[in-house]
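In the two assemblies presented below, subunit A is common to both, partnered first by subunit B and then by subunit C.
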Partner chain A sequence: MKGKRDTWSAMKSRRGARWGVAVLATVCGVALLSDFIASDKPILARIDGKLYVLPNLFTPVGLRPYTINTLIERMGKTDWLIAPLVSWGANEQDKGTAPLAPPSSRHWLGTDTARRDVLARMVHGSRVSLLVGLASVSIFITIGTLLGLLAGFFGGWVDVIVSRTVETVMTIPVFFLILAVMGIIESAGIGTMMVVIGLVYWTRVARLVRVETLKLRQLGFIEAATALGYSNRRILLVHILPNALGPILVAATFGVAASIMMEASLSFLGFGTPDATASWGGLLRGAMGNFHAWWLILFPGLAVFATVTSCNVLGEAMRDSFDPHLRHEVE
Partner chain B sequence: MSGEALLRVRNLVISFAIDGKDCPAVDGITFDLERGRTLALVGESGSGKTLTAVSILGLVQPPGVITGGSIDFDGTELVGATTNAFCAIRGRRVAMVFQEPMAALNPVMRIGDQIAEPLRAHLGLSRVAARDRAIDLLGKVGIGAPAQRVDNYPHQLSGGMRQRVMIAMALSCDPEILIADEPTTALDVTVQRQILALLRKMQRERHMAMLFVTHDLSLVENIADEVAVMYAGRIVERASVQQILTTPKHPYSRALWHASPARHRAGERLQAVPGNTPGLTQRPRGCPFHPRCPRALERCHQDVPAFDASVACFVPHS
Partner chain C sequence: MRFLVGRRLLQLVPTFLGVTLLTFFLLRLAPGAPSLVGDDGIVTPAVQASLEAWRELKGLNQPLWAQYINWLSRFVRFDFGSSLIDERPVRTLIVEALPRTLVLTVLALIFTYTLSIPLGIHSAIHRGQRSDRIISGVLFILYSMPSFWVALLLVVVLGGGAWFDLFPIVGLRSSNMEGAGFFVRSIDLIWHLVLPVFCLTYPSLARTSRFQRSAMLDVIRQDYIRTARAKGLTERTVILRHALKNSLLPILTLLSTDLPWILGGSVIVERIFAIRGMGMLTFEAILRRDYPVIMGVTSLVAILTMVGVLLGDLAYAWIDPRIRFERTQG
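Up next is the complex of A and B:
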């Protein structure tokens, strides 16, 4: 039995995996700090003798009517402010710029149809992508793991019900199902999207965990656990689940990629995030019919591509390193 | 010497349905197990010894089914008992040590946690108290530096140490019966002796009853009080360990003894028992041992010899 360290070192030795981790860490960092990277309010400011701390997070009443640009215009001699890297808000419309303006020193990645800064929207859009990715994955990993464990462990009619349900759900074209649901629910937002993706994508995880449980159930330590009089719940959660965690983790990583892709596709088609919520797919949607606005296609497209590819590369590296047969080829 | 019988097994039959026919793998077994005593079940592969042992814990796996007889544990009937009834016994009052110590330990769990788990699950001990008990138990089963070893994973231990950990797990809740299913088969010969000595010591200290399952007759001398020799699902001879080792009565016991390397001097030829244990579907009529028996008579082909006092044979050795 190989230790965890072997798995990690085998994984880290793959260059692709390192890149994947680096890209994902960057995207996570941007998502967490998006208010500090792009905002229409300063990070720290002294206006009319009053000190504002982190107005970009709390939006104090005194600064509410202003943006960084209007503040700078009316600043006195003793006033100062520290602006974020991108001094545009995700929903701030720049009256001084044309809609669909190409990249310039004012808007580094150009503006969209509503004169909003593309870079600011991309920075804030990373939140939507990651949130949808992680939340959907949490939902479907939970459902899939639970059903897979029960089906594999108890067998019999439990297995029949779960397996047939899995097969039934798998015959439905996932994308159109989600599209239809998002179309029918009028107030559909990010929350709905996460739940719908989560409720549809669990089938593969359930199959995977079921097979893993069937395999583990045969092993000596499960028989030993039964002989020691442990409850089924304890055997499932303490003895089977931790041993099945490897494949689940791999499935989760691929799942994040698939969910982000799904979110981008839905938003692109106009069934995902509402216009006020910045998202990568939503930005791409702005390029529809405006094909000369290459900055609306290229930059959000690259963001989706890099994030999804990183997840997939990481998932592949994890899968290979959990499998000792493949590990040797890697080394 | 004899105490009260803690476990009474009567005419136990465990069958497998093969091609619609019930084939008994254990065919009418009867024995008693007393507190503070060790009974060894000895037999070849396929004799039904392991099946008998696991039936006490209700671990007979389908398609195997107990089709007859009774298992009385301290006044409780275990044949047909519910899973809940078994859960009250397993690990608490009856514990088991398995043949493969590698397979029987959870690879992703620290051994200390595995030993502490029955204490926490059954006795409701706190994490800290259970850990202290686990360290204490590790020391008792002869693992050096138990306070450090407690945080090891199974793959960091040798085979003998793993088996000691299994024994510590089994003993953690002070069971009344310990079932040891070929606990030394997967181990080196030198380690075998140590594990046997440990089992014997623990059994004596705790006044446990022990059911020791083995295919190796030479092991029983050091561990058992009584021996039941099994063949094709039946007990063919039951006697004290001295008697089995000096004057075995059943031809099969004698053949087993001759096949054991332990009693042989250098240069002497080992005598294998000719033939194989008959499969479940090919049990012969009459005495199941007669095709391999050097003393078989005409009668042995027709009738099944009844178990008489200590042996089931028409022509026992005297």
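Up next is the complex of A and C:
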């Protein structure tokens, strides 16, 4: 086992990994601060002598009917406001612009079919991608780790049941199944998507953890722990799990990429986010049939691509640094 | 060997039951039901009554397990039921859609393997050198590009979206091809195939060439290759005559995992290029909650997945006698 510091320095030395971290940090930042980057309400404003603090977050009653543009029109001499970088809301329809307008100084990345600002929707869409990515990964890592630990440690009929279930779920055409469940559930949204992806993708993790546990179980320190009379729970959680954490972390990183890709595909096909929720895949869906609207395709797709690539690069770097033997080999 | 095949075939039965049970109940327990109500959503008593009669007729009112048994007993006799929407047999729908998907996926498969095998071998021979790094890097980037994004970009740039109008983007045949000769029709088909086949090919290049690369590396490290080099053979002879054949064996097993994909096709690519293949068939069935069609396609693809895994294992056992021995013993 290598020390943590070695692992980190091996990872950081790869240029790709640094880029990956930088891109992911940016996306996370944008997702966290999306209301400060793109909103139809100002960050700070003084209207009719009244000071509004963070109306972009709390939307006070007095400002509810207004957007930044209508506010600017009715501002008096002593009024002022600080607008976010992109002064459009994710669902704000700009009546002054045509639907599917190309990028301009008014809408930097153009508008979609409902006259909404593409950049604003992309900024808010980052939340959906990250949320679905992280939540479904947490779900399937938990399920997979738990079942893998149990199967690997106890063996016998527990192992048989888990392994058979893994085999069965792996046989299901996953994309069809997710699509079907998302299509048939009437009120399917982001939550459903996370759960469905989480419930389907756990098999690889379970296999991985099972093998890892089998390997670890035969080592001397586990035997020692058993001899000391430690409970199975303690051995599993304190002695085996931490040593299997490396591969789990690698799987999680690749999993985030896969889940984000799946979310975008589902939303693109119309089975993901509802229209009111901005998402990258949803923006691309708007381009179906409007193939001249290159801005509706290029930019959101680029966001998906950058995020997915970063996760994959990071996953590769982690795998290489955790286990040099695996370098450049197929999983 | 025969014993191994028999046992594995028997093992497929519970897996198949598990898959179909899971799919069936997931589909049917999910809230939402097929309905004959139009977009206006008004359910008049008359509509309600006829809907009830229709559900009764289709057996949708029976208990779920009875419906499952019913479905299963017909499925094993190759009767997949008929569509709830247009009453046509699911088998006919599949037979109609399958050739369109097969053209796409088989071509994509051929391109994938003819491109990635040489690329993988090249990378293995020039391991760690610049060309290896460039190939790996480019393929890795391609692999991370969402196929719907690439497909849409191709349509925008080459399919008459915003720039060049070089390739058709709807279906697999032009509308004016009725009286055309075989040659013209073939050219037309190829024309329609270029973009979708590209979109199906590029994402799998990375996986396949990596697989070939590591297979080749494994072979190159073997003693007999060292012997071949030691007796003064040229590097070319060593690679092509001695290493190549053995490095190709593992990739045979990779082929078997592609089996379900060959028939299932890609929903996304078929949707973007309006090709009415298996992916679109499923997509539309899901939109309309057409359970028999969804079940039919999913079960078929599941069977192929199992057959693929089995074939892969058998190929391995056939290639490598050590595995055969172990399995029969264990």
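Following the convention adopted for this analysis, the second predicted complex is superposed on the first by the 322 of 331 C-alpha atoms of A that agree within 3 Å, B and C clash if a C-alpha of one lies under 4 Å from a C-alpha of the other, contacts with A are read in each partner's own complex, and residues count from 1 in each chain.
What we mean here is this: contacts are C-beta pairs under 8 Å (C-beta built on N, C-alpha and C of every residue); 3 or more make two chains touch, one makes a residue touch a chain.
The shown structure was predicted, so the numbers you read here are calculated from the model rather than taken from an experiment.
*Asks:* Once the two structures are overlaid on subunit A, check if subunit B and subunit C clash or fit side by side.
*Replies:* fit
*Asks:* Taking the superposition on A as described, I'd like to know which of subunit B and subunit C A:S231 touches: first, second, both or neither.
*Replies:* Once the two structures are laid over each other on A, A:S231 reaches subunit B alone.
*Asks:* Quick check on the superposed pair: does A:W19 touch subunit B, subunit C, both, or neither? Answer first, second, both or neither.
*Replies:* Neither subunit B nor subunit C is touched by A:W19.
*Asks:* Which partner, subunit B or subunit C, is in contact with more residues of subunit A?
*Replies:* So, of the two partners, C touches more residues of subunit A.
*Asks:* Touch test for A:F154: subunit B only (first), subunit C only (second), both, or neither?
*Replies:* In the superposition, A:F154 touches no partner, neither subunit B nor subunit C.
*Asks:* Looking at A:E223, would you say it contacts subunit B, subunit C, both, or neither? Reply first, second, both or neither.
*Replies:* first
*Asks:* Classify the contacts of A:M261 with the two partner chains as first (subunit B alone), second (subunit C alone), both, or neither.
*Replies:* A:M261: touches subunit C, not subunit B.
*Asks:* In the overlay, answer first, second, both or neither for which of subunit B and subunit C A:R164 touches.
*Replies:* Second partner only.
*Asks:* When the shared chain A is used to line up the two structures, what angle, as a multiple of 10 degrees, is there at the CA centre of subunit A toward subunit B and subunit C?
*Replies:* About 90 degrees between subunit B and subunit C, seen from subunit A.
*Asks:* Classify the contacts of A:G183 with the two partner chains as first (subunit B alone), second (subunit C alone), both, or neither.
*Replies:* The second partner, subunit C, only.
*Asks:* Give, as a whole number of angstrom, the minimum Cα separation of subunit B and subunit C in the superposed three-chain arrangement.
*Replies:* The answer is 13 Å, the least C-alpha separation in the overlay.
*Asks:* On subunit A, what residues does subunit B touch that subunit C touches as well?
*Replies:* none
*Asks:* For subunit A, which residues count as touching subunit C in their complex?
*Replies:* Those in contact with subunit C are residues 164-165, 167-173, 175-177, 179-181, 183-187, 257, 261, 264-265, 268-269, 271, 281, 284, 287-288, 291-294, 297-298, 301-302, 304-305, 308-309, 312-313, 316, 328-330.
*Asks:* Within their complex, state which residues of subunit A touch subunit B.
*Replies:* 1-3, 219-221, 223-231, 234, 238-239, 242-243, 245
*Asks:* Going by the contact rule set out above, which residues of subunit B touch subunit A in the complex?
*Replies:* Going through subunit B, the ones touching subunit A are 54, 57, 59, 86-92, 95-96, 98, 100, 102-109, 117-118, 121-122, 153-155, 166, 169-170.
*Asks:* Note which residues of subunit C are touching subunit A in the complex, please.
*Replies:* Listed in rising order, the residues are 14-16, 18-19, 22-23, 26-27, 30-32, 136, 140-141, 143-146, 148-149, 152-153, 155-156, 159-162, 169, 207, 210-211, 213-214, 260, 264, 267-268, 271-272, 282-283, 286-287, 289, 294, 297-298, 301-302, 305-306, 309.
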